[in-house]
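Each of the next two complexes has chain A plus one more chain, namely chain B in the first and chain C in the second.
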Partner chain A sequence: MVMGVLRYILIITLVVMAGFPVYWMATTALSTNAELFSTGQVRWPQLQNLPALIGELSKIPIGRWLFNSGVIAAGTTIVSLVLGSLMGYALSRFRFRGRGIAGFLLFMTQVLPEALIVVPLYAMFITMGLLNNLGGLVLANAGFSLPVSAFILKSAMDAIPYEIEESAAIDNCPRFGILTMIVLPLIMPSVAAAGVISFFAGWNEFLFATTFLLDRSLWPTSVGLASFIGQYETPLSTVMGAALIFSIPAIAFFLLVQRKIVAGLTAGAVKG
Partner chain B sequence: MAGGASKLPGRFAGPIAPYAFVLPPAVYLGIFMFWPLARQLWMSLTDTRLTNPTAGNFIGLGNYERLLSDPALYASLRVTLIYTLGSVLLGVTTGVVCALAIDRPFRGRPVARAILLFGWAVPTVAASLIWLWMFNERSGVFNDIAIAIGLGRIRWLTSTDMALASIFAVTVWNVAPFVMLVVLAALQSVPEEAREAARVDGADALSVFRAVTYPHIRPAVQIAALLVAVWSIRRFELIYLLTGGGPLGSTSTLVVKLRQVAFENYELGMAGVYGAIGLVLALLVGAVHYLIEQRRSNWMAHR
Partner chain C sequence: MPELTFDRVCKSFGDALVIDEFSATITDGEFLVLLGPSGCGKSTLLRLIAGLSPITSGELRFDGELVNGWEPRRSGVAFVFQTYALYPHMTVRANIAFPLVMDAFKTWYHLPIVNSIARRRLMKSPAIAARTQAIARQLELDALLDRRPASLSGGQRQRVALARALIRNPSLYLLDEPLSNLDAKLRTQMRSEIAALHHKVGKTFIYVTHDQVEAMTMATRIIILDKGIVQQVGTPEAIYGTPANTFVARFVGSPPMNLVPVMREAGRLAVADAVSWRHDGDVPDAEHLLLGIRPEKVVFGPEGAGPIAAQVAIIERLGAETVVGCRLARPGREAEPRLLEHDLVFARIPGNLPLRIDEPCSLDYRSTDVVWFDGASGVRITTAATVST
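Presenting the complex of A and B:
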């Protein structure tokens, strides 16, 4: 009985600590500047301020930023899924010279800090004309999502019996067709998980974006939001409103596919 | 698939088949991951500057000699080490506590579980903005509370005593949910009868955890700990946005320092040295990780 009560107190404490920052983001977004900086912030969300917030949000290029974030995220997802499924299939289905090294290098790319290659990539992008280019940013991002996708897809493919592919091979279907028409449709949940991870890796990415995109019109939301730090012309409530809009899709999708994501990330960590 | 190809049975079944699949991703990673990495290491041996990144003279180990006698390097290594170990310890402990707290069913469990994941799901830049506001010295909610309970105004992010601790708070908020999910999945393999039996034998909660529960979730905790360690070495955005590595370098991990040296001091050569050291650290953790996994899969295979 005492344990039960203590457990509830513990759970409530943890939930409050975990949820408070998001609650406070919403509350701040629905406050006035006067409340925030002089009279004291109201502790609950003032929904009557919603129309004013929407009016203020239209003064910052949040639509443009979200669009750019979406383009970067979609591009990252496509590159990461296409190349990741090729890599995953090879690791799952073939024994070949260099397989061990390929797996090991792929594994090791997961521990590389982005910051480690940001300078050489910057120099490389200048010469390749990829600086200030969303495509270049996608190519930089996808390198970090590819190994995760490859491992997720590989471990899903490992669970598919080889006989299914053999019967297709007898029907003269080339290996590439087997991958796209037989194997991938069978592991759609894992493809979706790899896709969601890649998408939000691209959606959230900041370091490469802030380094490689000099043109304001190309900024994704992460860079746009960060540009508000230390800048006081835009009301804080607007900044928080934008941050909230930026966060909601990420929260929704992560909650939706949480189990798959965890299985995927740990599979990537497990299988060398 | 295409008409012509389907007339060639086994076209891909020969010894080149695997490489047809491996090559595109390998070439891509070669260009956008390993080549830049090699360039980074090469740069550490030159005096390249950001103002002219393609022209630099080879100066041998000059940058290394200069950096090895620079106290900033050791400060940064120390911060990286403390940050990594601290994140693992605090993040994993909190995650395990969360998992144990919500493992058994109770009213509102799905809601609690969802809210506990917020810190993991919110994009880092958005998270940094709200924490910056909560940490705000003059009007932030944390100082409202601190003043109300008599602690006075705390300089959460701008004093060398508090900055790293504040960063830890945000880091734990961010990584603990992931640990929780990994451990929750592992907890499903703990036989409830075993726990029940231990309880009937009069074992208290802590003993049950140590003797029955922990052995089952240990592999999961290990994986989570290693992932958190890897992420801590890699983590840039959070620290960069919250403190920028300051005050006085008290939160300046290697990657934060690297970017500062490269893009504020323009010294790409020196940044390369930080990169080389970061690489060694990352590879060390990666190697430990890899070895543990190899051992575990061998053990699983021979069982």
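Presenting the complex of A and C:
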């Protein structure tokens, strides 16, 4: 009984800790600048300020920015899942020279900070004509999330018994069919987990976007929001309002795949 | 199909030789059992036939055509795995229909998304649906068609695996220890079901097992392997009655054949420092001799009734019969403290005898029931009295 109560207290505390930034974002978005910079800041959302906030938000191309963020995130997810599943399958199932090195290099990409390769990447993008191009940004981001996806998928594929694949091979299923019809459906939770990681890497993209995208209409929301930070003034309520909108698609995507992810985290614990 | 011919087929993994120059011919409609202990290369041999592993050297021919290096799907065989290898994300129906659906697949159907649409449509096609239903009915799976493998019992999964093998009507069935994951009762039931299935479809079955009961009850011919080398090829009766060597003699039969090291002493046979008796038949001329006799051929009697003095060491009451392990010993001699099975001579007696441990008894046999082995090489020795097969 006592343990039950303590557990609920702990859960409530964690939920409050996780939810408070969102609540504060909403409260800030619905406050006027005068309120925000005064000592008597309100601690709950002032709904009467909503029309003003909508007015402010309508002045910025938030829809365009969200669309760009969506293109980058979806592109990154698709590229890293498609290539990651092929790469993961090759690493899991084929014996080839340099297999160990390939696995090691996957991790090496994660050791390098993004900032380190911005300059060489910039030079490369100029020659390849990928500067000021959302496709270029998809490639740059996928380059970072692909190794993570490949590794997650490889680990999941390692757990699939060979016999299932051999059985499919005898049933006249070619190698690619085995991957798409047998292996990938069996590791769907891990595919979802890799998808979420890639999606958020693309959705939250800032460094490459701010460097490689010069055209304001190509900015993703993250760069757009950062552009409000001025030398003399930062319209906090507008920024927070836009940030709220920015977080909605991400939350929706997460809710969509979260059940699969939980299954992925516990996969392998019980023999099926 | 095909006659299946192995011509000095070898398989090695790196330096480890798993199968050494295997040669055999398997004819149409046979139920061939590859029998041997774990790690003897029998499953590897099955995988070579299916094309799942490449042959290191030698030739494998289907009806005279060389099939070395063929893709598994090209060889057109059915394979039932020890773990059944059902597709866990598909229903029983989809599992059974999978080989037919794959046969009907065009190359571009394999594209993601397209494949699931194509599969669903093909599953509904009248030919495939009817065939799936018919096979499911044959194996009493019709009530389970919409369930997933995870919700099935071991025996039901086994039947789904068999149904998947049957649906394409292949001419060669390869079964890799398909009953080893089942409990004893279900194993007996499935054993008869598989034997009946073979009789019904009349195709060639190659069945791998380490269980000699399965081999003896189902096979039309058995190949016994040990450490990648063929020990004996023959009918179950030949293998049981006249094993080619001591390995086969010990491996087949439960309890296995008694192998008693004996010496010749002026027309008598003697066991070192224990007992000696008069042997009526021919005794081969070899330095180290092993007298082999099946437990059911040993005549067990009370003390003094037979020529060989012994003492009861182990009694296993099996209900319909009793297996008695006897130690050969001179009467009144101190009981041997060791209790190792290979020192004992086993006798299988019908019924339930009132025996007790250490009770003196006697053993006898007919000389025509004896199989002789060379103690040094382990190979069977043919005498004038033994009929060679």
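Following the convention adopted for this analysis, the second predicted complex is superposed on the first by the 217 of 272 C-alpha atoms of A that agree within 3 Å, B and C clash if a C-alpha of one lies under 4 Å from a C-alpha of the other, contacts with A are read in each partner's own complex, and residues count from 1 in each chain.
Everything that follows uses one rule, which is that contacts are C-beta pairs under 8 Å (C-beta built on N, C-alpha and C of every residue); 3 or more make two chains touch, one makes a residue touch a chain.
As the structure is a prediction and not an experimental result, all values here were calculated from the model.
Engineer: What is the contact status of A:150 with respect to chain B (first) and chain C (second): first, second, both, or neither?
Structural biologist: first
Engineer: Looking at the overlay, what does A:172 touch: chain B (first), chain C (second), both, or neither?
Structural biologist: both
Engineer: Go through the superposed model and pick first if A:213 touches only chain B, second if only chain C, both, or neither.
Structural biologist: In the superposition, A:213 touches no partner, neither chain B nor chain C.
Engineer: Report for A:138: first if it touches chain B alone, second if chain C alone, otherwise both or neither.
Structural biologist: A:138 sits against neither chain B nor chain C.
Engineer: Pick one for A:182: touches chain B only (first), chain C only (second), both, or neither.
Structural biologist: In the superposition, A:182 contacts chain C only.
Engineer: Report the partner of chain A that touches more of its residues: chain B or chain C.
Structural biologist: On the superposition, B touches more of the residues of chain A.
Engineer: Who does A:30 touch here: chain B (first), chain C (second), both, or neither?
Structural biologist: neither
Engineer: Is A:225 touching anything from chain B or chain C once the two structures are fitted on A? First, second, both or neither.
Structural biologist: first
Engineer: Can you list the residues of chain A that touch chain B in one structure and chain C in the other?
Structural biologist: On chain A, the overlap between the chain B and chain C contacts is residues 169, 172-174, 176-177, 180-181, 272.
Engineer: Could you please specify the touching residues of chain A with respect to chain C in the complex?
Structural biologist: 161, 163-164, 166-174, 176-177, 180-182, 185-186, 272
Engineer: Under the touch definition given earlier, write down the residues of chain B that touch chain A in their complex.
Structural biologist: 1, 5-13, 15, 17-22, 24-26, 28-29, 32-37, 39-40, 43, 50, 53-54, 97-98, 101-102, 106, 112, 114-134, 138-139, 141, 144, 173, 177-178, 181-182, 185, 205, 220, 223, 226-227, 230, 233-234, 236-237, 240-241, 254-256, 258-259, 262-263, 268, 271-272, 275, 278-279, 282-283, 285-286, 289-290, 293-294, 296-297
Engineer: For chain C, which residues are in contact with chain A within the complex?
Structural biologist: Per the stated touch rule, the residues are 50, 52, 71-73, 77-79, 81-83, 85-89, 98-99, 102-103, 105, 110-112, 115-116, 119, 150, 164.
Engineer: Under the stated contact criterion, what part of chain A meets chain B in this complex?
Structural biologist: Touch residues, chain A against chain B: 3, 7-8, 10-11, 14-15, 17-19, 21-22, 24-25, 28, 36-37, 40-41, 79, 83-84, 86-87, 89-90, 93-96, 98-99, 102, 104-124, 126-127, 139-140, 142-143, 146, 150, 169, 172-177, 179-181, 200, 203-204, 206-207, 211, 221-222, 225-226, 228-229, 236, 239-240, 243-244, 246-247, 250-251, 254-255, 258-259, 262-263, 265-266, 269-272.
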